[in-house]
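The two complexes that follow have subunit A in common; it is paired with subunit B in the first and with subunit C in the second.
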Partner chain A sequence: MYDNPLTTPRATHGRAPDVFHPGGWVPMREYPQREAVDFVVIGTGAGGGPLLARLAERGYSVIGFDAGPYFRPLEDFASDETSQSQLFWTDERLVDGANPLKMGANNSGRAVGGSTVHYAMVSLRFRPEWFRSRTLLGYGADWPLDWREMWHYYARAERDLAIAGPVSYPWGPKRPRYPYRAHEINGAAEVLARGAEAMGYQWSETPLATVSAPRGDSPSCVYRGFCRVGCATNAKQSQLVTYIPRALAAGAEIRDMAMVGRIAVDAAGRACGVHYHRNGAWHFQAARNVIVAGYAIETPRLLLNSATDRFRNGLANSSGLVGRYLMTQSNQAVYGVMDDMVRWNKGPPSLTITEHWNYNDRKDFHGGYCWMAQGPLPVEWSAAMSTSRRLWGAALREKMGDYNHQVGLKMVGEMLPHLDNRVTLADETDRYGLPIARVTYSWHDNDKAMIQHALGEMQRSLELVGVRDLWRQENDTNHLAGTARMGFDRETSVVDADCRSWDIPNLWICDGSVFPTTGGVNPSLTITALALRTADRICVQARTGEMRK
Partner chain B sequence: MTERNRYPGYDVLVKRHSPSWNEATRRVMDARLGVPREPRFLSRIEWDTLVAICDRIIPQPKNRPPVPLAAYIDQKLKADARNGFRNAALPPQRAAWQIGLAAFEVEAHQLHGKAFHHLTTAQQDDLLRRVESGRIDAPAWGDLDAALFFSEHIMGDIIAAYYAHPTSWNEIGFGGPASPRGYVRMRNNRRDPWEPVEAGPGEEARVGRENRRVR
Partner chain C sequence: MANTTSPSGAARTTLTLLGSLTGAALLGALHSHARPPPATRSPAKAPVPDPAAANRAARRLNRAAGTLAASVLFDSTVEHYRGQFQNRAMYTPLVTAAMALGVSAHGTMDERQTPHVVRDTVYALISIVGLVGTGFHLFNVRRKAGGFSWQNLFYGAPLGAPMAIGLSGLLGYLSERVRETPPGQVPMIWGLPAGRVVGVVSGLGITGTVGEAALLHFRGGFHDPFMYLPVTMPPVAAIVLGRSALGPAGIARRATRWWLRATAILGLSGTAFHAIGVGRDMGGWRNWQQNILNGPPIPAPPAFTGLALAGLAALGLLEDHPDD
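Right, the complex of A and B next:
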């Protein structure tokens, strides 16, 4: 009988799934609820995963909580878009504002490993100037971090995730060689390359977190192309197959299907544990320190839902900025048809990239963007076609017939932080009785200017290489950031450079929600690097006694 | 009416026992193909309206078994399987569908004195276009934003159900499930033997023979 990870936790009784071997288990240490562990980490994605591994490896007792299931990719993952929506956060969230966000597939995960289980594996570094975009580029907000320090952690993250990338990357300061060779590019990715060359722009194979040669128990990527609904072979270097197994081996515990509903605070105003729902009941886990890594919606939701008499506006929120400055990234595209048989679904979806407009400042808007090749599967593709072109009926079926001839370019663009783009609590409650999130989002003039610029550039690039029947997908957005921004002082930010909250000294926030700006690249590698840095900073602070302050 | 068959002879289900399908995929596809063909959540009247709407959103050829689109919508509603977000102007999906389907009925009776599923296809399309653009009359819509309901649910749910079905994959020449085998030939105009051949006009017979060897 198939044991359903969506209904019953798997990491119990001293063992956790061995994701590399069907039916296999690895031993797992378990901690009693009443004794305080050193760290509770809420969320096991790009932020939580590295923290769990690094803190456990330094000898701390840590428990990673995730609301989602503990999947066994080899056994649980079908090659199917619809059923694999089991990887997305599908509990209701209300969206409004002038440009309501689409949630789910593009920007949230619900699984041990978080959304890295279904991400497109695009692993890019920020442009160094973005860490000081206010000072150097005149927009957004500075990060309280030095890019050179981040460069060090990027390199470590790239090694830990065995990123497959080009021998030399065309943009930005020098970086080490990528650990694994770049993947062979497919026909759709070649269109980007030829289009970029026609415009005089540089292009590159995209650095990807899927291995191009075997690594441990991960086999080489087989180019099946279902990456964004979960990798069924473990070639993808998600948190689930990298940092989480490391964390378990070092003595961390994972509690899957465990929804944290509230962080508890003691009389001294320090975090003292978490209330969580698992196996049909509420439980309490005591902890000396709490790290929130639930990403840009669930992190502020949890902090707001944890309000007490002492912290009436939610935890870590004396600035009033928890939930504020939500950012997404513009994800518009231009698509067209070629006479060639392209079959763009083969291989990872974004095999080539140009970061030209991330590194070129001769433009009339703030921020940067890149664009990448595309290869959507049929359900996603039909949604893009039908909504953007208002197609249904026979006309839709006719156009869908060109599937194997289709190519496209899609941007990842930097939207600027605005106070009023935000996450608040709605009146409705979820299956646990917790108020759900209301996500309010409106594009501003700079965002719109960038989108139009990018659409024009991508269209010209496709025209130059003879792609026909071009059309624009104008309404898509993807990754999230903001809602618990880091900064230089407690009045204008929620956490400091170490991701430690200004208000509650033993409460950390470490995920995309701490980003003051979001940059023009996919955020996961930056989140991972930030988590590695935070783990190191915690160890330094513990050694010097700063932790107790 | 016969339409061009671009991938004659191709049947993605033939690959069921090939290295392109794993056990999880077989489990999922068996459930999908075995969906009950009668309503389990919607009422009979709502169901009849929904079936007629599905026939217009995705008109299907008569020379093959139809994809039971209404059954997938009903299944989704029965399970209350949601998408992860909801426009704050819409009620939860079950209520949205029920209000919307009832309003289609009222509109059909007001305009033509008949149930929606008894209208001509031209009348149905006309009414669908009115709803799509928010040009609606009946108070039956209440607070439901008709245009938003059309894009999020009528189009969103029905089209997603169709392109999740192997019949549609045959139609567009999609390779379908691909684990653990994956693909080898990545460049343009290169075909792995387990991918279909596209037929130009007049090539249907020859290509059909080739596609019957795809597995």
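Right, the complex of A and C next:
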């Protein structure tokens, strides 16, 4: 009988799904609710996954909570674009502001493994200067971290995720060899390469978290192109098939379909456990330490929803900055048609990249952006054509006939942090009775200037290689960041460099929400590197007795 | 820490088993004395060249050329089928390798001491075809975006592959030259002792094949430790063979012989290693129609066997016909 992971938890009775074998199970340790575990980690994505694995491997008792299902990639992921929505966080949220965000597809995930289950696997490092963008580049805010230390953790994250990347990366300081070689580029990726060469810009294969040769029980990528529907081959090195199995083997417990609604705080003002909803009822798990890794919407929502008499504005919020400085990344695109057959849907969607404008500062706006080759599947493509190009009926049908000749370039651009872009609580409540998030977002002049610059550049590069029938998709945004920024002091930030909250010493926040600036690259690798660093820092602080302070 | 980088289950078992078998075969090669060195092999007493020995060496070279041709035939069939025979010229290696295989089989059985005009012509022809094929592959890589980049060296037409059939032709051609040695004379090629020429050609061939294996195993990220074998053992074989071919002749070269035998065994067990690799791709052997095309090339490793056999033939020639 098929057990529906969307309705019934799978990680129960001392076992969790074996993601590598159909119908298989791996043993899982279970902790009693009343006895405090060392760590509760809320969220099992790019931030939560590495923390679970590293802390469990260091001998701590750890439970990972995820509101989403525990998928079996080999059985649950269909070659069907519409099944993709099961991977998104589609609970109701209110969006407003001058440029309301479209929530769901490319800025959320609801599954064990988080959004890494459906992400496009793009694994890029920040430009070193971005960790000091206020001081060195004159915008945003500095990170309280040294880029060289992050470089060390990036390397470890790349090893752990077996990133398949180019032999030498054209931009930034030297980095170690990627563990796996870059994938063969597809037709769409070659158009980017030729376009970049025509502009005199460097291009590269994109470092991707999908293996180009077998790794353990993961087979090599078969270039189905359904990466964002959930990889059904396990070539994708998502959290679900990397850190989570490691965490289980080291003694961590995963509670799937478990929505944490509130972090409890004791009389001394320390976090003491979490209230969570699972199997139709509320439960309480006692914990000595709590780590929140729910990403830029759910993390502030949980902190705000956990307000007490002592912390009236929400936990870790004495600065008033929880929910503030929300950032997204501009994700505009230029599309066109080639005379030759391209078949852009074959293979991972973003096989080549140019980071030219991330590393070149001769521009009249702040921040950077990259652009990557594209390969949307037909449903996504028809949605883009109908919403951005206002095509419908026969006209849409006719344009869809060009699908195999279509090419496109899509930017990932750095939007700057602004106090008024924020997450607050709405009056409405969700199915658990918890106030839902209100997400307010407006683009500012710098953001708009960057988008126009990028659209012009991408369009020119396509024109230079003979792409015709060009049009611009001007409204898209994707990854999120901010809302619990890290910083140098408790007045201007929510957490310190170790992702530890200034207000509550045993409460950590470790996901994209701690980013002071978001950079012009996809954030997942930076989140993972940050989580690896945080795990190390926790161990150091435990050893030196700093944890008890 | 949980091991997420090594395979589990059947793949692990078969890899361990095959690794042990290969190790045992290598040890076996060390201890076997297929042919005790004849008593006449003393530098002090120049031997009378034995026409039967020349024929034996020639037939060994036919066998080496045939092994190489078989590897090319199957490999190019799979790879060019994968490339959908987009260009009609892609049928060429199928024809030439099949011809080389045919004439090599004929030569291996032929005990006459005169070259055969058809064999000779076919061998000479395919040596040239190998060169032309290399040109084709060079052109293919050059015209891709990025030119001679790692991307195109990895995924474009493999630059070294056409020379395998060229080498098969060259070895066959050398075989015919050895075969036509008049009775009582030392086999000579291009005015040089045949053993030395064949040795150098085989050594260079092994080196080139190591280059190709290194490139493609690098592409595979050396994800399995066994993938280091073909880039570590055959280079030693090529060096010791080179030393034998260029150094004093007429002495037993036990170490050289062992390294060449080891390389020949490695070529065969490589086929099995690659078959396991195919089984590790999505769907395993049940999905053979796709995985044979996308997994490691099963027919490629015996190219090492072919070249090692040629090296052993060279060693035989050097020992049978010392020229110093």
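What we mean here is this: the second predicted complex is superposed on the first by the 549 of 549 C-alpha atoms of A that agree within 3 Å, B and C clash if a C-alpha of one lies under 4 Å from a C-alpha of the other, contacts with A are read in each partner's own complex, and residues count from 1 in each chain.
Operating definition for what follows: contacts are C-beta pairs under 8 Å (C-beta built on N, C-alpha and C of every residue); 3 or more make two chains touch, one makes a residue touch a chain.
Bear in mind that the values here come from a model prediction, so they are computed numbers and not experimental data.
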Room on subunit A for both subunit B and subunit C (clash or fit): fit
Degrees between the directions from subunit A toward subunit B and toward subunit C, using C-alpha centres, nearest 10: 90
Which superposed partner A:382 touches (first subunit B, second subunit C, both, neither): first
First, second, both or neither for A:233, with subunit B first and subunit C second: both
Which partner reaches more residues of subunit A (counting touched residues only), subunit B or subunit C: B
Which superposed partner A:83 touches (first subunit B, second subunit C, both, neither): first
Touching partner for A:222 - first (subunit B), second (subunit C), both, neither: both
Which of subunit B and subunit C A:207 touches, first, second, both or neither: neither
First, second, both or neither for A:166, with subunit B first and subunit C second: second
Partner chain(s) touched by A:184 [first = subunit B, second = subunit C, both, neither]: both
Partner chain in contact with A:50 - subunit B first, subunit C second, else both or neither: neither
Minimal inter-chain CA distance - subunit C and subunit B, angstrom: 7
Doubly contacted subunit A residues - partners subunit C and subunit B: 184-185, 190, 222, 233
Residue ranges of subunit B in contact with subunit A within the complex: 4, 6, 20-25, 27-29, 32, 56-59, 81-89, 92, 125, 128, 132, 151, 155-156, 159-160, 162-164, 168-169, 171-189, 191, 195, 198
Residues on subunit C engaged by subunit A in the complex (per definition of touch): 1-9, 144-146, 150-151, 154-155, 218-221, 223-224, 277, 280-283, 290, 294
Touching residues on subunit A, where the partner in the complex is subunit C: 20, 57, 162, 164, 166-167, 179-182, 184-185, 190, 193-194, 197, 205, 211-217, 219-220, 222, 233, 235, 241-242, 245-246, 248-250
Of subunit A, residues touching subunit B in the complex: 2, 74-83, 85, 88-96, 100-105, 108, 184-187, 190, 221-226, 232-233, 338, 340-343, 345-347, 377-379, 381-383, 386-387, 390, 392-394, 396-397, 400-401, 403-404, 438-439
